[in-house]
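You will see chain A twice below: alongside chain B first, and alongside chain C after that.
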Partner chain A sequence: MIGSFVRSREAILLAALVALVLLVETRFAGFAAPGNLTRILNDTSILIILALGQMLVILTRCIDLSLASNLALTGMVTAMLNAAMPGLPVGLLLAIAIALGLLLGAFNGLLVWKLEIPSIVVTLGTLTIYRGVIFLVSGGAWVNSHEMSAAYKALPRTELLGLPLLGWTGVAIVAAFAVGVNRTALGRAFYAVGGNPGAAIYTGIDVGRTRFWAFVISGGLAGLCGYLWVSRYAVAYTDVAGGFELDIVAACVIGGISIAGGLGTVTGAVLGALFLGTIKNALPVAGISPFWQMAISGAAIIVAVGFNARRQPGRVILKPEATR
Partner chain B sequence: MSITRRIAIATGLVAGLWSTTALAQDNMRIALVAKSLGNGFFEAAARGAEEAAEELGGVEIIYTGPTSTTAEGQIEVINSLIAQRVDAIAISANDPDAVVPALERAMQRGITVISWDSGVAPEGREMHLAPSSDELIGQTIIKLAADQLPEGGKVAVLSATSTSTNQNVWIEEMKQVMGDYPDIEVVATVYGDDLADKSYRETQGLLQSYPDLDAIIAPTSVGIVAAAQAVQDAGKVGEVNVTGLGLPSEMAGAIESGASKSFAIWNPVDLGYATAMIAHALATDAATAEPGAEISMGRMGTATLDDDNQAAMSEPFTYDASNIDEFKSVF
Partner chain C sequence: MSLTAEARHLPDRGSRRGARVLRSWELLLGVIAVLIFVANTQASPYFLDPWNLSDATFNITEKAMIAFAMALLIVAGEIDLSVAGIIALASTAMGWALQFDVGAVGLVAIGLGVGLVCGLFNGLLVTRLGLPSIVVTIGTMSLFRGISYIVLGDQAFNGYPSDFAWFGRGYVFWVISFELVLFAALAGIYAIVLHTTNFGRQIYAIGNNPTAATFSGIRVARVKMILFVLTGVMSGVAAICLTARLGSTRPSIAFAWELEVVTMVVLGGVSILGGAGSILGVVLAALIIGMATFGLGLLNVPGIVMSIFTGALLIAVIALPRLYRLIRTGRAA
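After this line comes the complex of A and B, so read on.
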C-alpha cells in the first residue's frame, strides 16, 4: 500500500511541490512558513475547486472550457444583485450563484448529451456566449467595492482556526469529492464512461447522462467560485478571470488527469492546482523578471506532463502509439 | 443527429450573424476603439464622444474594441471597421507597433486615423491625442506618493503589462524627476497585467518582499483597485498608501477604507469628447494634422501638435476624501 503510493504520480508531484516550496524558500525566507502556506492554500482554493469540477468532465472524455466565463457571469450577476438590493442575505446570493452555475453547466451538458456535439466545440461556444452575456447584463460597467455590501465582501474573509472561509470551502469540496468520486455510483460511472464507453453501456450506464451530470456539477462549482472570486477581489467586470479556463485545464493535466479520459484522482487534481498556485505565488516574491514568468509557468507544465508520460507508457494522448 | 436538424442549426446561426449588419450609412461615422470592452475608463470616454457627436450633429459614434487587451484583437476590430467603411478611427492601442499595418491600410482607404490615450507609432496615425503630457503624469504619480511621506520612504510600482506603452513612459518620466525626492526610494516595479487576480497577488508579493514598504504607485485603473484591496486584506491600511491613476467610481471604496489617501486621473469623458472633436475636424478636412497645427477640441480648448504630431489635452486631477463623493457617480 505504502510502496504503491511512493511509486505513484501523486507521490512524485507531492515531492515536486515540496521541492518547489523549499527552492523558493532559499530565495525568499519565510515562503515555507505555515502562515504563508495557509495563504497560498487560500489563494489557490478557487483553482482547486474548479480543477476538481474539470476533472469530472475530463474523466468522461469531455472538456469544459466555459468554466471561467461561467464564473465571471455568475459573479457579475451576484455582484449586480447585491449592488441593487443590498438587503438580500448573502446566503441567498450564494444559492443564486450556485443555481445559475448549475444552469449554465446543464446547458453545456444538454448540448453534449442530446445533440451529441463534441464538448470542446460546445464549451468553446459557451465560453464566448457567457462572456458576452456579462457584457449584456452589465452594459460593460464595473461593480466596485463601495457598491457591494459589507456582508457580501466579508464571507470568504471570515477566519476560522486561522484559515479564511474561502480556504475552508476548498477543503470541504475536496473532502466531498474524495467521498463522492470514490464511493458513489455516479462517481464511479465517470471513470467507467471515460475508461471504456462501450463497456460502460453494457453495464447499464447511460454515457450521455453521466457526461451531463459531470457538466452540471462543474458548472455548479463554477457558480460557487463566481461569488467567491468577485467577493474576494471586491470587483466585478467583464474580463474577470479571463484566461483562467486554461489554468484549470493545466492544473488537471499537471495533476495527472488523462485528457483521454477515465484516469485521474482527486489527490492528483488538488496537487496539480496547488503546484500551479504555488508557482503563481512564488514568482512575485522570487524577484524573477516578468518576461520570464510566463515561460517558467509553461515550462513547469511541460515538465510535469513529461513526468506523467514517463509513468504512463500506455497512454495514447501523451505518447505516440508504440509501433506494432 | 439528423442531417436536417444540423442544417437547421447552421442556418439559424448564419441568419443570426447577418441580421446584425446593415445599418444607416448617411451619418459621418467615427469609430472609437478601446483597449478592451468592459473597462470603466473607456465606457466613460465613449460617453464623452457621444456628447461631442450630439454637439456636432450628423455624427455616429461606433464604440468598439476587443474583449481582452490584445493587439491581435484590435487588428481584427480595425479590419472589420475598414470593411464597414467608417470615416474615422480613433484608437487607444494595446501595442504601438503591432496595429500599424492595419491602420496604414485604413489610411490608404481614405479613413482618418488618430490615436488617443495609448499611442500608435507615427507612421500608423495622423496624430496622437495624449490625455495629459507624459511628463506631467510621471511627475504627478510620484508627487502623490511623496506628499504623504514627508520623512521619505520606500515605494514600489505596480504597472499593467510589461509592454504597455503609456505605463512604461510614465514610469520612465517618474524616474526622471526622482532627483527632486532624495528620501524616496523606488524599490521594485512589478506587473499585474491589468488582471485583478494577478495584480492582487503581485501586491501580496510586494508586501511580503518589502515589509517596510510605505507606498505603492499603480498607474493603471485595474491595478490600483486590486492593490488597495490586497493592502486592506493584509491589514496594512495606514502603513502602505496605495496611489496612482484610478477612476473615482472604482476607488471610492479604497478612499473610504483609507487604503488609498489620494489618486489622480484626467477626465475620460473629456478625453473621449476631445478625441471625437478632433477626429471630426480631421475627417471633414476642417483641420490638417501637421506639426504646429492648432485643432479645436470644442469646450476643451485647442490642441497644439508638436513635431511628432502629438498633443496633450490637460493635466491630471487629484481626487481624495474631500472630493471623491462628488465624482464617484460621474465616472
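After this line comes the complex of A and C, so read on.
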C-alpha cells in the first residue's frame, strides 16, 4: 500500500509541494515555520472546500463554472441580512448561506438531470445569471466592514488550538469528504457514473440523479464559502471572487482529477488547492510581483495536465485519434 | 472535449432530420431577433437612429469574429477558452512594439503573429500530447493573460498611431464601420468554408465520430490543429480591432470574453457536444445579443443586468424545447 502511494500522482504532487515550501524556505527563513504553514492552510481553506465540491462534479463528467458566482451571491445575501438585521444569530445566517447555496446548486443539477443540458452550458449561463442577481439584490452597492456586526466577522477568525475556525472548517470538510467519498454508496456512485455511465446504469445507479447530487453538494459548499469569504474579508460587492471559478478547476486539474471523469482523490484535490495557495503566499514573501501569479498558475496547470495524461490507468483499447 | 465523451455513443444524427432541426433552430433565433428588434423600436425612440445602431455593432463584431472560428472548433468537438487571454497577450505585444515605431502594418503583423503562435501552442498541446482542450486552454488562458500582467502590471500602453486606430474606429462608408465590413466578410467566408467545402464536412465528421472520421481517412489531428491556429489568428484579429478602438492596452483587456464567445456560439445552435451547428446561427445569436444589450442599454439597464438576460437566454433557448419534449413524452407515457 505504501509502495503504491509512493508511485501515485498524489505522492509526486506532495513532493512538489514540499520542495516548493523548502525552496522558498532556503531563500526566506521562516516560510516553513509552523505558524506560516498554518496561515497558508487557513488562507487556502476556501479554495480547498470549493475544489472538493468541484471534484465531485468533475468525477461525474460534468463541470460547475458557477461556483464563484454562487459564493458571491450567498455572501452578499448574508452580508445584507446582517447589515439590515444585526440581531440575527450568525448560526442562522450560516444556515441561510448553505441553504441558498444548495438551492443554486440544485437549479444547475436539475437542468443537467431532467433536461440533460450539458453542464458547461448550464453553468456558463448560471455563472452570469447568479452574478447579475447580486447586482439586482444589492443595487450595485457595497456592504462594508462597519455595516457588519462584530459576531458576523468574528466567527471565521476565532482561533482554536492556533488555527482559526476558517481553517478548521476546511479540515472538517476534508475529513467528511475522505469518509463520504470512499465509504458511502453515493460517494462511490460519483466514481461509477464518471468511470462508465453505461455500466453505472446496469448496476442500478441513476446517472442523472447522481450528477444532481454532485451539483447540490458543490452548491452547498459554495454557499458555506460565501459566508466565510465575505466575513473573512469583511466586504461584499458584486465582483467578489470574480474569475475564481477557474482557480477552482485549476486546483482540481493540478490535483490530478481527470476532466474525463471517474478519476481523482480527495488528497489530490486538497494538494492541488494547497499548491496554488502556497504559490500565492510565496510570491510576496519572495519579493516577486503578485502579477506573476496568474502566469505561474497557468503554467502549473499545463504541466500538471501534461503529466497526468501520460499515466492513464486501465486498458486503452482504441487510442483516441488525438494522440496520433 | 473529453467532457463530452458520451456524445460518441449517440446514434448517428440523420442528415435530413438534422437539417430540419437546424433550420427550425435558426428560425427560432430569427423570430427572437425580430421580436427583440420590434420591442426595441417600441421601447426607445433612439433605437432606430443609424449612428446609434452603428455604434451598437461594436459590442459584438470583435466577439463574433472569434465566435466564427470557435464555432468550427466546437463543431469538431474541441473548445478554446484561452481566446481572451490571446487578445490580452497580442494587445500587450502590440503595445510593447510601439517603442520601435513599427507603424500600423507592423502592429497588425504582430497582432496576427501572436495569435498564430498562441493557437499553435494550444493545438500542439491538444493534438500532439492528446490533452483535453478544455483543461489545456484553461491553463493557457491564465498563462497568456498572466504574461500580460507580468509585462504591464498595473500600467497601460497608450499612444497607438492614428492610422492604426482606423481598424477600430474607421468607417468604410457612411455608418458602415470597418469592423462591420470585416464581420460580414468573415461571416461569409466561414459559412462557405464550413458548409460548402470538403474541409467543412470533415469538421462535422470529426465532431460526430472522431474514430469513424479517422477510419474514413480524415487527418483528424491536422484538421484540429488548423482549427486551433485559426481560432488563435481570429483572436489576434479581434485584438487588433479592440486595441485600435480602445487606443490603449491593459492586462485586463477583454476579460472573461471567452465565456461570452462560447455563449454566442452555443446560443447560435452549435452543439457543445460537437458535430452540429451553422454559421448562420452564430450570426443570428450575435445579432440577438447585440440588439438586446444595446436596447437594454438605451433603457439605462446596467451591463451586469444585461448579462442576466444573456445567461437566461442561453439556458432558455436550450431548455425550452427539451422541456416541451419532456412534458409531451410524459403525457404520452
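By our rule, the second predicted complex is superposed on the first by the 307 of 324 C-alpha atoms of A that agree within 3 Å, B and C clash if a C-alpha of one lies under 4 Å from a C-alpha of the other, contacts with A are read in each partner's own complex, and residues count from 1 in each chain.
We take it that a contact is a pair of C-beta atoms (placed from the backbone, for glycine too) under 8 Å apart; a residue touches a chain by one contact, two chains touch by 3 or more.
Computed from a predicted structure; not experimentally measured.
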Clash or fit, chain B versus chain C on superposed chain A: clash
First, second, both or neither for A:Leu111, with chain B first and chain C second: second
Chain B versus chain C as contact partner of A:Leu50, first or second or both or neither: neither
Touching partner for A:Leu155 - first (chain B), second (chain C), both, neither: neither
Contacts of A:Val285 with chain B and chain C, given as first, second, both or neither: first
First (chain B), second (chain C), both or neither touched by A:Val249: second
Partner chain in contact with A:Arg61 - chain B first, chain C second, else both or neither: second
Partner chain in contact with A:Ile129 - chain B first, chain C second, else both or neither: second
Partner chain(s) touched by A:Phe28 [first = chain B, second = chain C, both, neither]: first
Chain B or chain C, by number of chain A residues touched: C
Touched partner set for A:Gly140, first chain B, second chain C, both or neither: both
Against chain B, colliding segment of chain C, chosen among 93-101, 111-119, 147-155 or 201-209: 147-155
Doubly contacted residues of chain A, that is, touched by chain B and again by chain C: 115-116, 131, 135, 140, 238, 242-243, 291
Contacting residues of chain B [partner chain A, same complex]: 1, 36-40, 43, 67-68, 162, 190-191, 195-197, 200-202, 204-206, 208-209, 225-226, 229, 233, 249-250, 252-254, 256, 328
Complex contact set, residues of chain A against chain B: 28, 30, 36, 39, 43, 115-116, 131, 134-135, 138-142, 144-146, 157, 229, 233-235, 237-244, 280-281, 283-285, 287, 290-291
Chain C residues touching chain A - in the complex, by the definition given at the top: 2-6, 9, 125-127, 129-132, 134-136, 138-147, 149-150, 152-154, 210-211, 213-214, 220-221, 224, 251, 255-256, 259, 262-263, 266, 272-273, 302, 304-308, 310-312, 314-315, 318-319, 322-323, 326
Chain A residues touching chain C - in the complex, by the definition given at the top: 61-63, 65, 111, 114-122, 124-129, 131-133, 135-136, 140, 197-198, 238, 242-243, 246, 249-250, 253, 259-261, 289, 291-302, 305-306, 309, 318, 320-324
